[in-house]
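Below is one structure, written out as structure tokens, with a few remarks after it.
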Amino acid sequence: MAEEQQDAFEPDVMSVSERMAAEALIVDVDGFEGPLDLLLTLSRTQKVDLRKISVLQLAEQYLQFVDRARKLRLELAADYLVMAAWLAFLKSRLLLPPDPTEEGPSGEELAAHLAFQLERLQAMRDSAAKLMARDQLGRDFFARGIPEDVTRVRRVTYTATLLDLMQGYARIRTKDEFRPFVMDREAILTMEQALERMRGLIGFAGDWTDLTSYLPEGWEMDPKKRRSATAASFAASLELAKAGAIEIRQGETFAPIQIRRKPE
Amino acid sequence: MSETELDQEESLFEAPPMGEQERMVEAILFASAEPVSVADMEARMPHGSDPAEALVHLRKRYEGRGVNLVRVGDAWAIRTATDLGYLMQKETVETRKLSRAAIETLAIIAYHQPVTRAEIEEIRGVSVSRGTIDQLIEMEWIRFGRRRMTPGRPVTFVVTPDFLDHFGLESARDLPGLKELRSAGLLESRPPPGMMPGPELEEEDETGEGQSELFED
Amino acid sequence: MSETELDQEESLFEAPPMGEQERMVEAILFASAEPVSVADMEARMPHGSDPAEALVHLRKRYEGRGVNLVRVGDAWAIRTATDLGYLMQKETVETRKLSRAAIETLAIIAYHQPVTRAEIEEIRGVSVSRGTIDQLIEMEWIRFGRRRMTPGRPVTFVVTPDFLDHFGLESARDLPGLKELRSAGLLESRPPPGMMPGPELEEEDETGEGQSELFED
């Protein structure tokens, strides 16, 4: 603190402890949470029950504090000054005999409310301290370390009615592009058909015969039909070979595939 | 559901024996880090179960054990016994250090709930910063309550079940010193006589019904 | 630490009674985020404690309870009793209408069983996705029938008793035929010129065997 500011106090006759207390207040001015907090701190020096506090004395202390603080050219927030003005007003009310013509609350009422406010603030501070002194979760007592979370299983069930089923079937059966599925096989020789055909023919093929000669008559002309019939016959011949009915050979890559009945 | 319907259903599905129900409640509570409400337990247990009764048995069973059954609002949780906290240093979670303003604001909300911001400011004598409220909401210790049916319809703040859980409170009624504060009239919101400095009071006193509101919704 | 020092300490600090140690082990296992080894427990408990013995007692205490003490490697943990696992699930059931593809596939299987996938595709005129078949199998409305004794030995599909149950049919034979569908107005149009396709025509013989297959196994 600057020397000249310190001088401001010199004329006052203060005990060392008084001066230290005053300095502490001034130094801490930013530490106060507003005028009410400051008033509460000041009231503690009265060392009495907050309900029996002398509001007049408190108001004087506050005004002195504000006065000193301003002498120190300390910037004081507006609400400190508003409170100072109000306390000055309160002081006058308390000191002067009540004027019966005047409206509004009496000085005693105002003083009682201020005392109530201070007591309430102190009570909340004590309660906050008690609350924080309680055993706390995660510090003094603990929750389950390996929680097994509830898994939400969403089960979807599907449903259909008999009507849906029949309509579905009817829909397929009456499709515009509908063709009976036997007729679908026009350009397709199924393996079953090829197999049937070859089973009948193989008995007559004692010697090596080209697989292509087993294609049904007329099928080798149409490329689509030929492809299907060749594939089906080849698959059928593999099936027959597996069953031990025939033997298959191919001279070289891409050479004609030949089959013959397995000699007995 | 009407009572007759309930009766019918009860006769259709036999509830499991109480011993089994106790096991179920035990399993459900052990599995959860959060308190579980009786309604939630009931929904998960077989039809006709009475978790409330099973809880009575279970609570007795865990009396004096290393973990205890505790009530948190209308929910239940298993928590380690407070005298064994020293064994759990490894599990200790560093909570963000709360400012004095935040701690006081929290206490005011807990003791005065539902309370408006203006009322908090009136009690503390300073304005409440947004950050303080935000921090408490973020910690899930306070939440918005009902709006006041007064001009401006200001929002109110109430404490949450998480708050109760954190401080080991069965309900907000169990806040330390609540009764004394109330009988001393310190929880009343007294309108200031005439002009007073500081934040203006704008609401009527609703504190009386406040504490009960916590358990309504 | 030398052995003599240990001995000295042991005599200085008496180990807590076994009941207390059990409480400690209980609290530690409850609060830990991972299974805890005996060595770890010992390090956390007061000097001279014997967590291994406490575990034996605690394990016995939890026998048949809703949670059990289980060994995980060389560590210990508290876990939900396996028979109560269902309590940790919350099932929500949603009912949806079966897709058109699934209904059509199902209808074909019902009318033509036993039927191969290739045949279903031929009848529908579009390929049948694996998902559709899987879905119907999962619903237990269809199942695999006998393999066809034809090359490739393709699997066949048949409908199940569950299917009959759902649709209120005594047997798949009770499904209305095409004629009935038509007279019921479900099959509006003309029969395709020349021939009347359908199960009656071409699978007469197979249908008989298919139906019986349903109830064989």
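For clarity, chains are labelled A, B and C in written order, and residue numbers in each chain start from 1.
As a convention for this text, contacts are C-beta pairs under 8 Å (C-beta built on N, C-alpha and C of every residue); 3 or more make two chains touch, one makes a residue touch a chain.
All of these numbers come straight from a predicted model, not from anything done at the bench.
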Central chain (distance from its CA mean to the mean of all protein CA atoms): A
Distance-maximising chain from chain A - centres being C-alpha averages: C
Whole-Å gap separating chain B and chain C, where each centre is the average of the chain's CA atoms: 40
Centroid spacing, where centroids are CA-atom means, of chain A and chain C in whole angstrom: 30
Whole-Å gap between the CA centroids of chain A and chain B: 22
Chain A residues counted as touching two or more neighbouring chains: 142-145, 148-150
Two or more partner chains touched - positions in chain B: 30-31, 44, 78, 80-81, 88, 91
Interface residues, chain A side, partner chain C - complex: 142-146, 148-162, 164-175, 177-182, 184, 191-192, 195, 235-236, 239
Sites on chain B touched by chain A in the complex: 30-34, 44, 77-82, 85, 88, 91-93, 95, 100-101, 103-104, 106-108, 110-111, 123-126, 165-169, 175-177, 181, 184, 186, 190, 192-198
Parts of chain C lying in touch with chain B, wherever the complex brings them together: 22-28, 30-33, 44-45, 64-67, 78, 80-81, 84, 87-88, 90
In the complex with chain B, residue positions of chain A that touch it: 33-37, 79, 82-83, 85-86, 104-105, 109-110, 113, 116-117, 119-121, 123-128, 130-132, 134-145, 147-150
